[in-house]
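As structure tokens, here come the structures.
There are two complexes below, and they share chain A, which is joined by chain B in the first and by chain C in the second.
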Partner chain A sequence: MSAVSSWVSETLVRDATERRIFAVLGLITVLLVAGVFAGVIGPRFLLFQIALVGMYALLSLGLNVQWGYAGLINFSVAAFWGIGAYCAALLTAPNSPLGLGLHPVFGFLAAIVVSALIAVLIGIPTLRLREDYLAIASLGLAEVIRAIILNERRWTAGSSGISGIPNLMSWLPLTDAATTAAIVVVLIAVVYLFLRRVHRSPWGRVLRTIRSDEDLAKALGKDTYRFKMQAFVIGSVIMAVAGAFYAHLNLYIDPSDLVPLTTFYIWIAVILGGTGSNRGAVVGAAVVIAIREGTRFLNDIGFIQTLGIDLAPLRLLFVGGLIILIMRFRQDGLLPPKDELIWPAARDGSRSGGASPSSAAPDGGTAPNGGDDR
Partner chain B sequence: MNDDAYEGARLDKDDVVLKTTGLEKAFGGLVATDDVSIEVDRGTITGMIGPNGAGKSTLFNLISGFYENDAGHVTVNGEEVTDLEPHERARKGLVRTFQTPRRLEGMSVREAMLVGPGPQKGESVFSLFFSGSDVTEEERANIEQTRELLERFEIGHLIDQPSTDLSGGQMKLVELARAFTTDPDILLLDEPVAGVNPTLANDIKRFIRELNEEGQTFLIIEHDMPFIMDLADPIIVLDQGKVLMEGSPDEVRSDDRVIEAYLGGAGP
Partner chain C sequence: MIPLQISPFQYVANGVVFSSIIVLAAIGLSLVYSIADFANFAHGDLMTVGAFSALFSVGFFRPMLGDAGVFGLPLWFFLALAFGMGTAAVISVITDRVIYQPVKGSDSIGLLISSIGVALVYRALVFLSFGTEAERYGVPRQGPIPWVRESLGIAVTPRNLVVVTLTVVLVAALHLTLTRTTLGRKMRATADNADLARISGIRTSEVIIAMWLIGGALAAAGGVFLGLEELVRPRMGFDILLIVFAAVILGGIGSVYGAMLGGLVIGMVHELVPLFNQWGVIPVGSRYAAAVAFVIMVAILLVRPSGIAGDSG
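Up next, the complex of A and B:
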């Protein structure tokens, strides 16, 4: 138990403000759970929302690798997400245009391979150039992918979409909603631990240098193109995995979600959460989804009904207002990055004064004054 | 000044680390670097001076690979590096600093220093998962080296500071220390004391001299005449993209052509 509490105090919650942020999040969670027991919220609905938040969190983690770690401006989040979703749908749904009906594992594998390939193809011409070129090219890529999916009906079913995508792991003794929620939690945990390990390392450090001053990194002998390509591919693959997961969550996909708005929701999540921070990416995604989905019910509140105005379509306004508030009062986002990017296992004993005797494992604790997770 | 006045640099050195031959670079109609051939001898502190617009920074960018040259060659330890990328030249032992160091946002001084050594095992994602203990070992050694070097440069107390909080002079010191961690054969310093207060400038001079006594070769651009005259020997003088002359500080100081170049003489 003490291990858990020290992990929380050292890696998750760093200062009083963060404690307040987590307290609010905790309170909202308690209210939602209470709502389920009170019968106001259907458990199935809540589990679906959890899975949705998890999927957005994966997308934010992916974008955080690109923008937060390396400073790469990727405006094709929706495209990589769509590539993942369509790989899963086309390979696994029996009535997709390909009609293969394969096991979902193949959908995920295809999502990873195809997204990595496309990331490399778009990276080769743009990552050697100034950073704005990737921004422009990725904006173009997003539209090209959407247009291909919309128009190549023979292969993608076009705007009618693909239905009949199978549930994941339906053999588990849980409801389908609970299974998908559990799977997304596992996915996030795996991605999060992977990113934590690669970020607090010489690799993450070079990326952070590139983000601030790429010429400096070059002058110190770092092959910045290689590092940027790796960050771009890793981020894109995470986005595609989120897409593949979404196909199995929603069981139906069509190209209508591949619009730039989806990309910008993810950007908002990363910036709200704290650019460069993995914790922030997850929390930012939760906040964005809470606003987007929560505003659907605003009109059902009696008091607002009597006003006779339709509030739900104003959700973008709420997102905008929140961003202004955050930028005014907490410029670096809700949970900004805190750590030095130093391989945790190497810190112990090499710090002056009161180094913590905590675990030497890279994923274990670190010195209390040095901080830990991002 | 007439063309005969351009004597060029000395090209008969024994142990050449860095050599340029006929380097040329034009920006549109402006010839910024015009047939520059220089040699830097191992173990020296070679200075490079010249009036504004003489092409010093352009030459640095050509040597370090940040600009592509129109003609000519650059060799490091006798090896041709003309077609290499900046990071590849750095790996060959040719490392530069910048005139106006950008602050590394969100990085502590320790982190900023640790970017220097390389290539590090932990820069490969694969190694992070499959040879973690090697990464740990190397990182420990690098942290130790960082601490020693900062203490040696008398800024050990800054190690935990955000690098954005440093003064300009402290940043220049960190830059020098970091560039040194790459274990270069030749360090190119671009105005190491520009905007630095005199006390700190003296410290920087002392540290450069110390490193030099241990064998480190330097090529330094500097506008601060007393500083460079005191530190460097020989000194190469550039003017209008060409090498005007090369000599000891005394020779440079008493050379009419140098005075004319700086004062913008009336011509022959």
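Up next, the complex of A and C:
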């Protein structure tokens, strides 16, 4: 038990802000669980929302690799997500225009391969140049991919969308909703651990150098173009995997979610959570889904309907305002990265030696040594 | 209205009109890029704001002036255009003061991301004040000018001519401002090297205000013309932003004259896509016009990232 409590104090509640954030999150969780037991919220609905939060968390982790680790501005998150979703839908749904009905594994593989290829293609012209070129080109890419999916009805079914996408692992002795929720938890854990590992590696250190001073990284002899390309491809593949997962979660896909607004939701998740922080990306995704689904929920309340307010513009206003406010007042986000970039062994070593004033030490914490730092 | 066999010159004529709109938008975007030093993703929605402000003012200019007209367009339209340009100019200065200046401490990337937020807020405000439907200015329908149709076989309406003429006037006025006035020299100096300009006694903050005024007014003019030629839609500016960026990159980021040239080329190509498709030059039709502009932009980035008129990458 003491190991668990020390892990909690090490990772979740290191300073006052984090304590507050996680207290609020914990409260919401308790309320949701209580809601299920009280019969207000259907467990199926809750599991679906969990899976949706998980999908957003995956997208945020993907963007965090690009923007958080390497400082790459990718405005085509929705497009890579859509590529993944359409790869899965086209290959696995029996009534898709391709009509293949393959095993979901092929959908995921295709999502990975296609998204990696497109990421390389868009990276080649832009990643050698200043950051804003990628921003502009990726916004264009998103529009082009949306146009292709809308117009090439023979291949993509256009705006009518693809239905009949099979469930994942329906042989598991769980309900479909529980299975997808479990799968996304596993996916997030795998991606999270993988990213933490690579971020702490020399590769991650080079990326952080590039982000803060690319000329310095070049002066140290690093091929920054190659590193940025790798980060861009990894991030895009994670987004495509999230998209493929979404296809199997929602069992239906159409191009309406490929709009740029989806991309900006993910941007909010990452900059709100804390640029460069994977924990932040996950928390940010949960907040964003709360905004999205929460406002959708409001739409169903009779009182608001009688007022005759259309909530879509208000949501847009809220998203835009939130971006402006974060950039103005809290650019670090809620959970900025702290010592999570340092190997635990290295950190403990420097502390027990008592030599270097560890700049990465938690602010207000009395955190004891030991345990994993996340 | 348009002959069945569409003459190639018809596409060129459409291209000149569309180019005018892109040129106006691209100049403003390029000015911001050169002086404020960031990619302003709110520029497209600023065009929308200008177009809708003009639409709003039609409500009181029209009863005031009646149907009196010049150059084939009612007089109230020109006043509405001026009103839209003025409103967008003021809004862009206020946006700079309230939102961009306080973020200034961070780099151009912080401003870029903020501008996305600004774009969404602009659009949300347009949605909230005008609804989500496409609107029209209510300019009476016009047939093509008869003698042009008979001599060249293409349909050109008086409003097409007004759009192109006013664009030429605005661009010429900007050119004279940049080359012949003290303000223009200050603006070019600030764009070239802001620190040096400040050291030599130029009040760069005033230059930045002037730049936002000019950029906002030109964006609004482009937006109003787009609304006049097509429809006034809340998404019109954002939908065209990619093409405007393509024009700016083709011309060379930060170069005003490059933006004019880039706008001309990209606008023309955008309208010529169906013709090229007919000729078998490219395999896609007008639905992919924006995609063709995007491909040109990517090609420019590969071959000459500094653009036609740019000096450094």
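The definition used in the following text is that the second predicted complex is superposed on the first by the 306 of 374 C-alpha atoms of A that agree within 3 Å, B and C clash if a C-alpha of one lies under 4 Å from a C-alpha of the other, contacts with A are read in each partner's own complex, and residues count from 1 in each chain.
In this text, a residue touches a chain if its C-beta (ideal position, glycine included) is under 8 Å from a C-beta of that chain, and two chains touch if they have at least 3 such contacts.
All values reported here derive from a predicted model rather than from experimental measurement.
When the two structures are aligned on the shared chain, A:A217 is found in touch with chain B, with no touch to chain C.
Contact with chain C, but none with chain B, is seen for A:T126 once the two complexes are overlaid on the shared chain. Of the two partner chains placed around the shared chain by superposition, chain B is the only one that A:Q230 touches, whereas chain C remains out of contact. By the touch criterion stated above, A:P313 is placed in contact with chain C alone, chain B being left untouched. Considering their complex, residues 197-198, 201-203, 205-206, 208-209, 211-213, 215-224, 227, 230, 234, 276, 337, 340-343, 345-347, 350, 352, 360, 362 of chain A touch chain B. For chain A in complex with chain C, the touching residues are 71, 73, 75, 122, 124-126, 128-133, 135-137, 139-141, 143-144, 147-148, 151, 260-261, 264, 267, 271, 310, 312-314, 316-317, 319-324, 327-328, 331.
Per the touch definition, chain C reaches chain A in the complex via residues 38-39, 41, 99, 102-103, 106, 108-110, 112-114, 116-125, 127-128, 132, 238, 241-242, 245-246, 249, 287-288, 290-291, 294, 297-298, 301-302, 305, 313.
For chain B in complex with chain A, the touching residues are 64, 66, 85-88, 90-91, 95-98, 101-108, 110-112, 114-116, 118-125, 128-129, 132, 135-137, 139-140, 143-144, 147, 178-179, 182.
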